[in-house]
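Each of the next two complexes has chain A plus one other chain: chain B in the first, chain C in the second.
What follows is the complex of A and B.
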């Protein structure tokens, strides 16, 4: 196992390096000059000589005055040291820029995933057990509708219904404006504002429900389940001790993948609910050609993705003793 | 049954368990209904002419919630770094005591609250020295007095290499003598800035910046708190110009300006404007300002009356609902659809809000590049203007909520408004007329075909002209975005261009690439036209914007136009005495006539927006150029 992990870690280093090279190259190929964008607003407020000086300073600050290989190794070296670079738009170190939205994204996603698993897994199990009943069909239809409706529509519908027609939730935002709550009251206020975005996100939980249902149905059709039933075990024991534990193997990938997804923002939800998260920051950075921010965030997600692949494989090994890692 | 219910209950659990936590902090719809029972006047259009200071007995108190675009708030609470439009509204309310201010009628003048006396001396070398004595009763928000050292420190710090090393914009003193030497670190003294006493200092404007009708705009300086930003540093003057003592270093500035918890860039703890920062929370995009009790008022005695100003991030899609619900106090509608929807609610009595109609200070244009290709010839530029049905296109794009102008101005400009009647008679209103377009081309020599023979309509497709012994094809290349405006222009214009023998080719591209092409950054001149939206501020250095000096081309002179008429008229504007508004407006008319003939761009439209606001806001007058931050300073709240 240790040998396997070391080998995979080695792969991760190589893939990370190659992807960093590739991504850096792609971002550098994108037309546009971030230094020029940085000083464009000062074009008509200083003399031409001073404008040129500001432009050269901006190039220097962003490291664009150096040859490309030097830029790459300088950037990559800084990434390894935890220095994610400098935002040309916000004129801030990227790490300072990402902090607050990342906190909000993680908070939103953690709550979302807790409810997703608390609701989705039991519902999936129940659907599998009650296959082809009215309950199962209703859930399948409802979840299919949920999956089919884009978030930007369901979000607006939910806002209309639960914030305007029946005003039990705020329309958007993260805190009650001007309330200045502190302590536990502030936490409750934060959760209150989070409720509607989480509920809207949960309309897409059909994927998990169907996945769990499918996995469990596969497991329930296995011979060992028939044997268990033949032995006279209680149906509850058959389902949860024999079938579900085996059904968990494919679900493990889902759950581990969620750990990575916790750090990922949802642009539509963040935008419509004015929830300051990393999804919108990433999109804005790309639109504004703030490549350092976009590149750093991409590298972060790459690293998370690679790590989660390894963790998923290790988890498979743990939940299914038949799987041997070499 | 229990388990069956569990899954469903879980879905609703969060929703209902946290519902009880809501409420508080903002006015509600019910509150507004209650308000309407009083004699409150609602549904009224407030004219910009009604603006003025609040009445003397106006109450102080209340809260104003302004909606901001989600994700737009940067950490900057001070100018100099990356403050954008969102931040600027808050920053503007924390700044004040400029030596020169723009008054309500948009003229520049010395602020009597700040300047006790001033003296202007013309120097032999063409420069001008402004000696300024400030009043001795000005105070920072922490109660400490504001002296001349704070003003001099403001100019020095904001022009210093140490400040630039903190990634800040160190160009405040750019128009003053000795800036380059000081800014580059070559000299420790800023020779154009003198400290003359506790409440007296002077600045000398470089001869290159004179004459200048707007010269006062370069003498508008605000103070910076020396003791708070640079503790231990002193401002001195040994006769060669003011300088900062050696304790002033980049490290010191990094500590006092850039510390995330206490730095002036992020917390701006000592200010001199009408408001001070109470709180900023980037994670929730909340900024809260409160009244600065030490503030003496603007030039006309306006002091803040709204106790607290708070931001709330609001998505465009839900802004109207938020406003209707009362969680934000203003709502801006800039498109026909939004304006009409809101006005319908006002007219039907569903909305108990007031509103103002605000002329935009931006205009959309087809900006020509006038130094190469066919668009270097004014006949081609005018021919293009004649193949456009600008009125119809504008109507389609804005639903009638904007109009076409024929000069370099918008309805927000005071000079334009003052001369509008004359200009409307004098200027050519380019409207769709293919015959006139063809006549322009013929007059411009576009009379050949690709073989160099005479162009025959219906036989030859494209026109040519002999330029420097070679045939030039009448082909214009356009760089544009993918917005609605570009789409309409690109649908309508090419077939019309073809009718007059002109090939009109467009390329949609990213904004950064457009900027590259405008600046000719690593690319050859390719595009003859850029679709753009250009802000036309009240103060424009026309004489630079239309000067064809090589160093100004592409920077100030964005059309790269070299036109005698424009140069002559703008140079005349430059030399007019800053106090002679009448003369300036005469020259302004001449300039607009020259512009209308040379046509460096085809102005397409300038629009209006409707600004709706909660009727609890009294004396709140939406107007051009001033955003919410300008209006709220006049306002007070009656709940």
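What follows is the complex of A and C.
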């Protein structure tokens, strides 16, 4: 087990290293000179010689005067030490910049996942138990439509219905403008603004419902379920004590995977509702050509993806002793 | 006896008795029985056919823009002349999306797409004798010489200048945010947004002006002694007035880029910038023209025997004169609409009726963009899926067949690519590489990103299938025959697992379309002016567009939603048909 984890960790390090190399290469291909950008504002106020000196200083400070491999290693080393660079737009270290959006993203995702699991899992179970009834079929069709329709369309529809036709929710943003709420009132206001993004995100819960339904149906087709029924156990006991416990194995993987996903912002939802989260920060930094931020965010997302994979695998192994890691 | 005869009829061959059916036919049979899947297939084929066939009839450049036609609601009301006017019409004038008419009693009627302000026709005008229509406002003159204006009311457009008080007015004209009146002593008075149209009244201060025509750039005046003068402050193409026409001009008309006159001998002269073949006046009308009018890029003339002839731009059928327009007494054109007022007071209209699904913020036809956008979204999705499958089958096939270290390596690679966060990576790649390449290069790049990052699921699936197939007899036989390994994988094993691959391809196709739309929606996919279903929604995020210009987001959304839902329904049905065991789930 420990050996396996070590192996996987080593493997993550290699992949992370390779991808950082790749991304750094792409990043360096971008036209534009960040040093020039930094001193551009002073061009008018100082003499050309002074400007050139400032420019050279900026290049030195950003390390642009060194050869590319050196630049790469110093950048990668800095990332490992937690120094993600400096945002040329916000004029802040990236690590400080990421803090507040991260809180917003986590808040939104936690609320979303609570509702997702509270609604999705029971609905999935019910569909599996009532397989091929009208209820099941209609949920299946509804989930199919939910999966097929992209978030930006459902967001437009929900904004139109619940923010414009019946204005019960705010269109976008995170706080009521002009109202300086404090304490609990501020919290309520925050949740109020969160409502529509969460509802729109929940239109995509068809995936979970189908997954739960499928896992439970798989479990229900097993021999031990037949045995349990043959013993004369109550249907409830059969489903929840025998079948569902086994169906939980794949579902746990899902849940654990999403715990890691809490840190990654949903780009489209956050952009649409002006929710100042990680996803919006990524989009904004790309739009403003603030590539230092974009690159750090990218590395963060990659690390998240790799970690999520490892944790899911480990979780399967813990929940189900039959799974052997090698 | 009867019974026996029937039995003979039903005698079947041994194959029928055994109900032998090829797997392929079983799949088709299963599929045909699934109503949802067939419904999905029909809807998708319908949308597909629409997107790839209908654009043949539109001849519009994707770079086409027309600010006068922006944000028009769906409908075909531009030429709906009201019943009350028919047989009783005195004057008709056209605005960009509406028409205004006056009947013989001097009552004003409006039709077409009207803004709220335009609907407020003043009720105390008395008998109206002349009207002029601008971009979004109307100017009317009654028989007592009073001027009225309604519609767009900013930029002091609603304030009739005091110097016109008590003066008799000879002619009125209106354009983009500007109104002009010519007084009885031949002076020009203009008001409204003076910067919108380049007109200098001072240039013709000592001339006796008969009438003025303006277009979106500038204006031209016609004097009482038959000369024309360009009103532009700066030298423009309109200043190149042919010398020989001066003093002989009878009537004047202006398109966006050219001016046309009818001379006293009935010939037509056109000058300015040649666009849409506007300079090629049909030979047969020369010498017989009695009246002329012009839209934005076409010219219509009336000949002395009552025939109507038009030439110039025809993208909205504005130059296609219907046969009914014979014996016309008067012709009126404006923007893309035309009408001929016949001698008996009836009207014949032709030209732009409206837009099926409205227009967007740049005046582009939403219906046409949905069709073109569909082509783009489907093409990108399709090619991305092909790339995914080529890579996926190759990697999965090799990995499953050879096993061991090759398998290990390839599957680790697939795992890495699969664990990459898709949207952020696609965004950053598109942002970094995208601004260095052309529009087409950008589209190719989107396909590659979708394809190269999305093959892992397919590779895993193919690998599992190949693993199951590789120990079967036909593979052993192929090996014994000495078939090359490459051929065993791709010619013997892969065709056997093709059905499952196709099922996966259908669902991947929908996913790719969704991802492309999502990227384009965020502004990192297909770039304007090339439409895709995603980027059509890109500028529909503001609450103003969502509530007021609903047609700009509702229709693309419906089509994209319908398309992906139908593909997914079909894919689901196909999976059930291929793998009947899945039905038990």
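Everything that follows uses one rule, which is that the second predicted complex is superposed on the first by the 289 of 326 C-alpha atoms of A that agree within 3 Å, B and C clash if a C-alpha of one lies under 4 Å from a C-alpha of the other, contacts with A are read in each partner's own complex, and residues count from 1 in each chain.
The rule is simple: a residue touches a chain if its C-beta (ideal position, glycine included) is under 8 Å from a C-beta of that chain, and two chains touch if they have at least 3 such contacts.
Values in this document were obtained by computation on a predicted structure and should not be read as measured data.
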Chain B versus chain C as contact partner of A:320, first or second or both or neither: neither
Chain B versus chain C as contact partner of A:136, first or second or both or neither: neither
Partner chain(s) touched by A:163 [first = chain B, second = chain C, both, neither]: both
Which superposed partner A:15 touches (first chain B, second chain C, both, neither): second
First, second, both or neither for A:294, with chain B first and chain C second: second
Touching partner for A:148 - first (chain B), second (chain C), both, neither: second
Chain B versus chain C as contact partner of A:46, first or second or both or neither: first
First (chain B), second (chain C), both or neither touched by A:304: second
Intersection of the chain A residues that touch chain B with those that touch chain C: 30-31, 156, 159-160, 163-164, 171, 271-272
In the complex with chain A, residue positions of chain C that touch it: 36, 412, 415-416, 419-421, 423-425, 427-429, 431-433, 435-436, 510, 514, 517-518, 521-524, 534, 537, 540-541, 543, 546-547, 550, 553, 557, 560-561, 564-565, 567-569, 572, 584-585
Complex contact set, residues of chain A against chain B: 30-34, 36-37, 40, 42-51, 54, 57, 61, 89-92, 96, 100-101, 103-104, 111, 115, 118-119, 122-123, 126, 135, 156, 159-160, 162-164, 167-180, 188-189, 191-192, 194-196, 198-199, 202, 270-276, 280-281, 284, 289
Footprint of chain A on chain B - complex, ascending: 3-4, 6-7, 10-11, 14-16, 18-19, 21-26, 29, 63, 65, 70-71, 74-75, 81-82, 164, 167, 169, 171, 174, 180, 183, 208, 260, 279, 281-286, 288, 308, 310, 312-315, 317-318, 321-322, 325, 327, 509-510, 512-513, 515-516, 519, 521-522, 541, 544-545, 551-552, 555-556
Residue numbers on chain A that touch chain C, as the complex places them: 11, 15, 19, 23, 26-27, 29-31, 141, 144-145, 147-153, 156-157, 159-160, 163-164, 171, 213-214, 217-218, 221, 264, 267-268, 271-272, 279, 282-283, 286-287, 291, 294-295, 297-298, 301-302, 304-306, 308-309
